[in-house]
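In the part that follows, the structures are each spelled out as structure tokens.
Next come two complexes, and both contain chain A; in the first it sits with chain B, in the second with chain C.
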Partner chain A sequence: METLLALLTVFTQPDLLLLVAIGTFAGIYIGAIPGLSVTMAVSILISFTFSWEVYPAISLMVGIYMGGVYGGSRTAILLNIPGAPSAIATAMDGYPMAQRGEAGQAIGVTTVMSFFGGLIGILVLALAAPYVSVFALKFQPRDYMLLAVLGILLVGSLSSGSLVKGIFAGALGLAIGAVGRDPLTFTERLTFDLQLMEGGISFIAVMIGMFGVSEALLQLQNVDKTAVRQKITKIVPSFGVIRKYLPLSLQTSTIGVIIGALPGTGGDIAALMAYDHAKRVTKNPKVPFGKGAMEGLVAPETANNAAVGGAFIPMMTLGIPGDAVTAIMIGALFIHGLNPGPMLMVDQPDMFWFIVGALFMANIFMLIFGLTGIRIFTKIVEMPRAVIIPLILLLSIVGAYAVNNSISDVYWMLGFGVFGYFMRHYGYPLGPVILGVILSRLLDDNWRRAIISEREDLGRFFEGILTSPLSFTLFAAVILIFVSQTPLWTALKTRLFRKASQ
Partner chain B sequence: MDPEFRGDQDHHDGTSDATPGGYPAERRPGELGFALFLSLASAILLYNAHAISGFDALSAPGSVPMATTAVMLIAALVVAWRTARLPKVTTETLRRDILPVTVLVFVGFLVIFGLALKPLGFLPTAALFLIAAIRLLSGWGWPRTILTALFALAVIWIVFRVIFTVLLPSGVVPEAEVIQFFRALMSGGAA
Partner chain C sequence: MSRKLIGAFVALGLSAAVATAQDYPAKEIQGIIQWGAGGSTDTVMRAVTPHAETVLGGTVVMQNMTGAVGAIALNHVAGSDADGYTLLMGAENPLLYKVMGLGDKDYSEFTPINILARGTPILVARNDAPFDDYAGMMDFIKANPGELRIGSTGPGGVPSVVTAMMNTEEGTLDVTAIPYDGDGPALTALQSGAIDVMPAVLGAAIESIRAGAMKPLAIFDTEASAKLPDVPTVTSFNDGYNAYLPWGPFFGVFVPKGTPDDVVAKLTEAYATGAENADFLALMDGRGFTMMSISGDAAADFLTTWQQNTAWLLHEAGLTKASPEEFGIARPGQ
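Moving on to the complex of A and B:
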């Protein structure tokens, strides 16, 4: 009964419902405007909502997350520019459809399929998370440590580009998170004896810099790109179309949930994997893939929205983020005095059920807003970048300043913005940095707990890993990712990808 | 599908964390320099991490920082070594593709913004920044630039100052008094 009440919190309080709606609406547009990403929006929003109560703040973020993952598909279809990273695969078949004059149908199917995928993700979250959290209570400190390492490595290895660069980025994040006074012994760490660094580096400044400022600086090079107008007619798809792709969408939703639930990997990777899967299983597409195949739209769009629910599973049960956005949300929960992890599910199950309810509502709003308001949509997306970029920068500054009312945070943000700008140019992924910053404390604490309980004996520590099935599995996964860097594996991967592209 | 697909064919911009920019088989201008810089920075951090507690104990406060900075150093060296062996991209220059003047100018703008924020206050600083930035990027005439900038600023200010109640340095503008005036007006009207 209490569960039901918590689940319905969002429905019974009109202001929360309104915030979810506003968030979803804003999310769709933020996702749709190239250069504005969900990660950026959520990281800037934390700093604005931290004085709020926790429920309204979470409502807004959940809405933006859900809407943003979907919104990226719009511009991918209409302009061939994925508005968000999770829509990269959508552009491959969506844009050719728009070129044939089927933009309306493409958007309609995308919307309904995103809704469907989102729904499955939320269902799995609601059903699986309570069990995972019971299971999570058995986790030893060393398991948490391994899981944190695994999360950082996964986000570095599954995204395209080099794993070594991903490892560097993750380690950098951990190091940034360690700056300041050590919480256990109060020793200064990596502060260079500067008073400025004693309190540590504000992770919000790091986040806004990396995802807001660096993105805006990059977009400066695309100021002149203009939008193409498209005429859109019928968008609500017929039931027959939906039914036809139902089996495929079930499979790709499953992929989405699983990838989303893996620590560190989110909708962008899920979408690419689902696209690959659809290519493999669709024997005779009506239109070839890459030329406007409907399957090529259904697969990534169900998967990326299913990944949203999936990403919350490790976040709510273990305190380990499922992707960059949930990493930021963990930061938000910390700021609100909550401590995500298995105990959160035990102590405050309401929080969990509230999030499930909010996600569900966000999904419904996404469907409603997605199938209406196309006209305003094209107007907003055509907003000139010459105005958008300065606004992003302005919001970034306000956001970084607002949390601690400190100018030095603004400079941290600027520094990390410029640094992130170079990282993007030279192919270093930014996701692992944020994951590292968020997980730094967890990894450090659990390592020390684990090794102290083994009386500082490395031999006993490894014995513990090898004898516990759970630790061993996690350890094996970490090793496997490292092995994946050897030439043998690379050869295998290229062969696999070549096959899939045929 | 191409495993190296970056979502953007012409600039390889790296618009997201899942699709970092850069080229898999070529070295962009300045890439090696960046890798060497990272190696040097990691080495300094490692030295600093060692100074925290040395090799005292496995559970000492410096253990994890030392491990992470060591990983950073190794990874950065591997990256630098791999990068050095790649052929250079022939079609790009540092000036045009990595650090164009606009980017430098904007970084300058932001530094000035930070410096001016406290003494001048948020509203005037932001207004000046928006006008300068929009003018520079769009090439519109002054009236259109100024109107757009002020309109955008008004929206942002209302959303963040009034709805989100974010406190921003007021500087030379008596913000609080203005808000109080309108509050009084509203409640006066209601009563």
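Moving on to the complex of A and C:
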């Protein structure tokens, strides 16, 4: 009964409900603008809500978080510029749809699927949080490393065209991610003794430059072309469409929850892995991936919103943040006099159920705000290029500056923008670069931790992989996915197939 | 946004006419937090500053500026005007930048406004570790050289200093140090069994200890903590530690040297009053921090002593890049 009351707190108090709504609404727009991140918004809110009670403060933060993760897809679909790292995969199929005049439909599906993913994440949080967190704690450094290797193998599905160029782009991303003082030993890497390089290259600056500026430069080539008229019928997907993608979205939501619940990995990696998964399991998409496949929207969007619920799992059960946003929320709980940790669920179960309730409401508001106002949004794509190109550049500059309030980030962003333009020009995919930057530290840090803890003995390292069921499963998946991308696999498949048909 | 713009215009107008301390603060004050959002420094600064703002009658806009172990924030504030409108909200690390080869600036370029509090290190072990106390751990290390995995947070971090103390007092210990970027991730790794022991700050581990998710081995202080009265002090096992303790990471607010005295006085008063706020004290107590709230000469002396002790300890343990002597850091007691 008390549980139910706590769960319903947010519904019974109109002011809390209003705050969740405001948060979600603001979150969608913060998420949509590249460079303005949920992490930043929530940390500003800590000071802003300092004198408030804890429930209203958390309501606002939960709303912003949920809305922000979804909002990143807006600019990804309309402008080919992911508003947040978790929307990188969304751009790959969302933007081609907008180019065909189907932006409204793309946003509609994205919204409904984000809602669905968010719902799965919340359900898992509410019903299975303790079990998931026990599972998440099973991951050892070598498992994180294998997970990163699994991520690196996504290069294959993120690069349309030449795989070699994709691999080059991925390797470049890994190198960009390694620049600066190594956070584990503080040794300078790839800094060329320049103070500018010491702090590393901001990942967000790379992302905004590569996607935003290079897109603007690319559009300069067809300034005089008239924009595609957007069809604005059929915005809300029919029940049949939803049912069609239900099995896929269940799978990708599961990926989202688990990756979200792992401390140190979040919605960005979840979305990319889900995209890859969709590409693997969808045998005959109606439209090919990368050209506007609906599956390519469903997968990342369900996964990144499911990761929200997932990220709260270790936070609420163990006091361990599932990602950057939940790390700040733990700080907020401290400031409001709570002690987040393993005892929070025991001492203050109300807090847990309140957050579940608030997340649920934020998810519903996201659906409402997401499906209204699409008509106005799609007008963005119909704007003349002479307006939209300067707008993209302006947004990119503001976004890159806002991350660290540092002007050098703006220069990095512009530099990578020009570089990204030439990469596109010569057929190098940009997705793998970002993938490399995201995974660089996950791979590098955990490889070092794993091998140091085995006292730098490769034999012991592999023994560890083979004896732990979790590591072995991941290792097997790595091998399998790797082999499936080589010609060996096709040869093997045809041979097996022939045998079966004889 | 428009508020910021108005603020900027107001600031422009004011910098033309020389601002006097009577007007201070006449515009928004920038508070640069050296560490990321959600960390200890961030939480402490965001908790105390609103109380200081009421005394000050102005606004402090806080912003996290991370990178290069906090050196980016330090250099940024050191390079800004010494007018009291840019504050550095930092922790202890800058005092080790020079000897660790991480930078050429430290708090000697700043005037301390308030050293708010210090943390207490505590040695914790994972629950299924094959020992239950400090002595048991020492026996385990001797019996299994290189097998004990101890968490670290890079050279100059709390674990490295605690490990250096242990190496000095117990003889060089053959353990394997696994690096993590912060004690939060390291304590997570401890619970998942990736490391065996971790010298952490009490506040970061206290909730997990309370819940029985990890075993406390020893508090690195001369007296037991009121929060965990049953955990023995490390000095009860080995007298030698008395030479270094009490020692701990700390949090402080700083302004660049050369800031007008009356501005420093105003800020000092604001933060000293803010640090007395009951809510803030409760928060600090709950996280196991020891309140200090010192300023002026007391703060300057504290910084000097802290730097001497720690830099020489690390240097003698062979962990530094350069001798403290090169930077005029005297041996403790000299």
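As a working rule, the second predicted complex is superposed on the first by the 269 of 502 C-alpha atoms of A that agree within 3 Å, B and C clash if a C-alpha of one lies under 4 Å from a C-alpha of the other, contacts with A are read in each partner's own complex, and residues count from 1 in each chain.
Definition applied: contacts are C-beta pairs under 8 Å (C-beta built on N, C-alpha and C of every residue); 3 or more make two chains touch, one makes a residue touch a chain.
Worth saying up front: this structure is predicted, and the values here are computed from it rather than measured.
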Message: For A:217 in the superposed arrangement: first (chain B), second (chain C), both or neither?
response: first
Task: Please work out whether A:154 is in contact with chain B alone, chain C alone, both, or neither, and reply first, second, both or neither.
output: neither
Task: Go through the superposed model and pick first if A:334 touches only chain B, second if only chain C, both, or neither.
output: second
Message: After the superposition on A, what does A:278 contact: first (chain B), second (chain C), both or neither?
response: neither
Query: Touching A:443, do we find chain B (first), chain C (second), both, or neither?
result: first
Task: Kindly classify A:51 by the partners it touches after superposition: chain B alone (first), chain C alone (second), both, or neither?
output: both
Query: Quick one: chain B or chain C, who's touching more of chain A?
result: B
Message: Taking the superposition on A as described, I'd like to know which of chain B and chain C A:185 touches: first, second, both or neither.
response: both
Task: Determine, under the contact definition given at the top, whether A:324 touches first (chain B), second (chain C), both, or neither.
output: both
Task: Could you tell me if A:39 is touching chain B, chain C, both of them or neither one (first, second, both, neither)?
output: both
- request: Identify the overlap between the chain B-contacting and the chain C-contacting residues of chain A.
  value: 39, 47, 51, 184-185, 324, 405, 448, 452
Query: Which positions of chain C touch chain A when the two form their complex?
result: 36-39, 42-43, 46-47, 49-50, 62-69, 71-72, 100, 102, 146, 149, 154-156, 176-181, 184-185, 187-189, 191-195, 206-208, 210-211, 213, 279, 282-283, 286-287
- prompt: Any idea which chain B residues touch chain A in the complex?
  reply: 1-8, 11, 13-24, 28, 30-31, 34-35, 38, 45, 48-49, 52-53, 57-59, 61-65, 68-69, 71-72, 75-76, 78-79, 82, 97-98, 100, 102-103, 106-107, 109-111, 113-114, 117-118, 122, 126, 129-130, 133-134, 137-138, 140, 148-149, 152-153, 156, 160, 164-168
Message: So in the complex, the part of chain A that touches chain B is made up of which residues?
response: 34-35, 37, 39, 47-49, 51, 81-82, 84-85, 88-89, 91-92, 155, 159-162, 164-165, 167-168, 171-172, 174-175, 178, 182, 184-185, 187-190, 192, 213, 215-218, 220-223, 266, 268-269, 272, 275-276, 279, 324, 384-387, 389-391, 393-395, 397-398, 401-402, 405, 407, 410-411, 414, 417-418, 421-432, 440, 443-444, 447-448, 451-452, 456, 458, 493-494, 497, 500-501
Chain C partner contacts - residues on chain A that touch it in the complex: 39, 42-43, 46-47, 50-51, 137-141, 180-181, 183-186, 198-200, 263-264, 318-321, 324, 327-331, 334-335, 337, 339-344, 346, 404-406, 445, 448-449, 452-453, 455
